[in-house]
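The two complexes that follow have chain A in common; it is paired with chain B in the first and with chain C in the second.
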Partner chain A sequence: MALLAALVVYPLLYNVGLSLRNYRTGEFVGLHNFARALEDPQFFASLRATGVYVSAALATELTLGLALALLVHRTIHSGWARALVYVLFLIPMVTPPVAAGVIARLIYTPTYGILNVLLLRLGAISSDVLWLSEPATAMFAVLSVDVWQWMPFVFLVCFAGLQAVPADTVEAARVDGADGWRLFWHIEFPYLQSLLLLVLVFRFTDTFRVFDHVQVLTAGGPGATTEFLSLYLYRVAFKFFNLSYAAALSLFVLLVTSLAFAVLGRYLVREVSA
Partner chain B sequence: MVVLLVGALAVASTAVAAPGLPPKPAKLTMAVVAGGETKGLKAILPMWEREMGVKVELVEFPYPTLYEKLVTAFQANAPTFDLLIADDPWMPKFGSEGWLVPLDQTFGYQRDPDIFPVVYDLGSWPPPRGPIPPGEAGKPRRLYAITLVGNVEFFMYRKDLLPAPQTWDDVIANARKVHDPSKPFYGFVIRGAKGNPVISEFTPVLLSFGARIFDNNWRVVLNSKEAVDALRFFAVELKKYAPPGVANYDAAERAREVATGRAAQGFIWPAEITDIVENPAVSTVIGKMGYTLAPRGPGGKHAPLMGNWLLAIPKASRNQRWAYEFILWATSARVQRPYALGGGIPFRRSILQDADLNRRFPFFKAMADSLAAPAEWRPRTQEWFAVEAILGTHVNAALAGIETPEEAITKAAREIERHMKEAGYYR
Partner chain C sequence: MSRVGLWRMVTGAVLAVLTAVYLFPFYWMVVTALKPLPEFYRFPPTLLPLDATVAAFRSVMLQRGFLVLLRNSLAACLAAVGAALVVAMLIAYPVTRLPVSPAFRRGLLNWILSLRFLPPIVVVIPFFDIVRRLGLYDSLGALVLLYTVFSLPFATWMLRGFLLEVPMEIEEAALVDGATRWYAFFVVLLPQLAPALLATAVITFALAWSEFMFAFILTATPRSQTFPIGVASLVTQFEIIWNEMAAVGTIAAVVPILLLVFARRYVIGALTFGAVREKA
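Then we have the complex of A and B:
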């Protein structure tokens, strides 16, 4: 209990205290640092960029992960082939995000990056695409790393969930003439529902706090187009050394992620008690 | 003659050490940055240990960690380190906090004419020119650090194809002459990645156009015609001759473009030359590169950028006198030669102008000229990292075409002013 207090409660209270003071003089300023956020265009720009990133990453990862899980579940039945798929999907997840960022930087670099070279040879493009220095493509580039790294997590959870669907129920539905879509919607999806919510909350909180690979790949650029909330927070804390404002922003991040977990918690309690 | 002069200077350097050293400590512990900056230091350490019989233990940290470790040790007044090397933009923090031993006041350090005055200016606090942070102006000026790594940013060009550019007009004329993306061969390569990279690149252009970020009272004067012209030149004119995607180029990409024979001109730091551009293992342009001062702008000024690493002694060190002896020894003309030959970046006039060494290191003269120019330093404030982050975002946005030069300068000036206000520089 004391350890918990030392590791969690004290830093949290310290952070709250910091957010209510002037970072330079230590003077008590009430909610000034929170009010400052409301009139900070860079904060809103980072929030917008984070919104785009989170929604695009979640939509892509959930759709692709689920689709692939269904595909593998329905088409691959051999044990060793499934094991191979498992191992292949684990590789991105165990890659450190910084390493993933470095690899992606090499792939997306114009002129000698493998992606441009391949696309040019295939005739898909006639001149180099500036993946990391145009706003839309830079967003795509940072998203692609997230999807590569974390779509497998969605896949693995959904695939495991699909194994829990009773084979005789599926068989009965098929005998009754259920096609692929109906089978999924009426039989399989109910088994996956709580798992998907769990995945959604985990991925939401992770993408909301994304930092490592973005810092390596674009450092928030070009301009501030991929400067997500966590990168802006880092800038405020470790470049501006405005620790009080950074503390206020971090409490905002804590609030949003806590809300997401509260929704999950409430749902899970309902599921368990149902 | 040169030998005599070097000899005399070496004697002069050791002569300033007060006689009667305290007993030898078991070792001196020195905090250093991990990477190429310590190559020369590592080369001379066995010599020091042989001559003095005192071990120097290097504790290496990556760049951002070193700053944090030093600040933490200073705040705790812990005798963890006897010596340190510090990046020059850290001096305002270390100087204002009074964390370092004043070398002139404590040990009677005498200035050496073989060392460029800008080196002493850089290691002094409060700074001898430019704006001084609030509360610092009344403090007596002391020398707290002496350069070990004479890093300075200057200019490189393909001397087999082009004449040495003196002005930015010359640079454009050169670029026009050789630029041919179909080969591909680019007229100019920009290190344009957001933050520190693009600001290291843009600052010499900005200053050479006669623009400034602050006046002498820290009022932001960035929003000027000169600054907008400088950014337009940088983000539009120079970019025309740059490889695609430079808005995300850091030092490695820039050096690679030159070393592989794909770019003709650009800024350069010494470590990139020794590691890549003049490294026969990776470069195809050995013997083809010329090095010169950062070009002069319409403001009529060459503005090479200072990036020295400085040797200093923390106040909490228990071996200050021996640490000072090490500083005198390592920065002496006698030792700077093996230091340079061992891959270090020297900073003494006599070493940088030495004909023999210049044959081996063809960029030494450009370094000497840059330090004599004198090289410009980043504004001497603890807030520089914030200023760099703000300006670095907007200059990068201009380079990527997201903001116009006018927008970028206006927004940057506004945000810098707000930050300086919050930091207590004015109401």
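Then we have the complex of A and C:
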């Protein structure tokens, strides 16, 4: 147990120590590394990119996941069909992000990528779109992988939540004349509220630290338009070998995740350990 | 046809199309892996391989050394699964079975859960330096250690959930009959937990199998690189051999998918820390 704590606490203390020094010379530099972050345009660019990524991914995944859960809940009633849909939609979720990167490469590649071929055929575009080398479409491409992989998680949680709504409550509401939308809003949504919050916590912390599929797909490019915090930290630490500065930045990342966990997670922990 | 029947049919069709579109990217990877390279460059692309072959699979495994990476991944994942099960049990058993203070129990469980939210990039920077100083850089040992620690939130919470479901009376009966705690644990409780342990092992394995960042930063040579690292190196090459890239992607994805199908019942509960129980 002590070893376990050491494995987590020690790196954090180590990060703090590292961030106060100059990694190369070992000299104590105080808060220099933190001051530097405040004047680092690339840091703020990565922060902004992460913000775009996190909010777009969360909004899309929550909306689509919830919509799909409702659709399946209202449409499919047989047990085996529900189980089948479950497993089919879980396939992207357990696919390693690196493999998801492979898939995205196959789809978005110019000339031979299936997406361009389809769009050309449909007449939606007249020449190849360079999906991964234009800022806006590259952001779209990395986002689409996240949505493909994790919308099923929202679906899964919401779907299970919908099944937990007592049938007689729903029946009573129907008898009282509640239609689809009102039934959802007044009867089902209250049951889903705490689950949606749980999903929000998980998805926020996961998208905030996104790394794997982006590294494979765009490696932060074009330029630095998809260089999210983790990728920027990786570059600072392992390309420029400025471990001290990276440690200072990493403490910032930790602070944000901890704050999110403290605000949202308090509720989550109560929910889960109840 | 009644209005309700028509509505059903329309939504059913929408759902079927949605599912097909959703799974198409995955299908496309598998199909590409089965095409000979010249067929990949055909225009328009073929939806089914005209001349399906496993040549790409054979080529990456035998000529590009992915067999070694596969072995590394399997070794690291299995070791991590074993270690994680033992450590998770050492935490989960006391907090569910022994008289510990509620504050301690909550504190411990919440702390373990908070590990789930720790961004890996924060941990990997100090670990890189520590591992290098210990001479463990580019070794599987460092990965096993990290995978063990980071699979504890899932493993511990899952085991705790399962332990709560096994009635305490069975063990108590054994204890009253004069059995030792060890006997009660190993002979009475453990067999009851077998499915739970299996499910936990499956999840832990799949998590370690998918891991990319730690291996990416802490390994450098095929001596200790894992399968996903090999996949990434093929994807980012200047000249991509498309069917081989798709082949390694397929292998990387198929392993956890098989495990998912195999342990579906447990996986679904576990992915949400048991906050949601599957009813299907």
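The rule we apply is simple: the second predicted complex is superposed on the first by the 266 of 274 C-alpha atoms of A that agree within 3 Å, B and C clash if a C-alpha of one lies under 4 Å from a C-alpha of the other, contacts with A are read in each partner's own complex, and residues count from 1 in each chain.
One rule holds for everything that comes next: contacts are C-beta pairs under 8 Å (C-beta built on N, C-alpha and C of every residue); 3 or more make two chains touch, one makes a residue touch a chain.
No experiment lies behind these values; they were computed from the predicted model shown.
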First, second, both or neither for A:Glu188, with chain B first and chain C second: neither
Of chain C and chain B, partner touching more chain A residues: C
Chain B versus chain C as contact partner of A:Asp146, first or second or both or neither: neither
First (chain B), second (chain C), both or neither touched by A:Glu61: neither
Chain B versus chain C as contact partner of A:Thr25, first or second or both or neither: first
First, second, both or neither for A:Asn242, with chain B first and chain C second: first
Which of chain B and chain C A:Ala219 touches, first, second, both or neither: both
Chain B and chain C contact sites that coincide on chain A, given as residue numbers: 219, 238
Sites on chain B touched by chain A in the complex: 64, 184, 192-195, 243-248, 253, 262, 382-383, 385-386, 388-389, 393-394, 396-397, 399-400, 402-403, 415, 419, 422-424
Complex contact set, residues of chain A against chain C: 1, 4, 7-8, 10-12, 14-15, 18, 68, 71-72, 74-76, 79, 82-83, 85-99, 101-107, 112, 114, 117, 121, 148, 153, 156-157, 160-161, 163-164, 195, 198, 201, 205, 208-209, 211-212, 215-216, 219, 229-230, 233-234, 237-238, 243, 246-247, 250-251, 253-254, 257, 260-261, 265, 269, 271-273
For the chain A and chain B complex, residues of the former touching the latter: 24-25, 42, 109-111, 127-128, 130-135, 218-225, 227, 235, 238-242
Complex contacts: residues of chain C adjacent to chain A: 8, 11-12, 14-15, 18-19, 22-23, 25-26, 28-29, 32, 40-41, 43-45, 87, 90-91, 106, 109-110, 113-115, 117-123, 125-130, 145, 149, 152, 157, 206, 209-210, 212-213, 216-217, 228, 231-232, 235-236, 240, 242, 245-246, 248-250, 252-253, 256-257, 259-261, 264, 267-268, 271-280
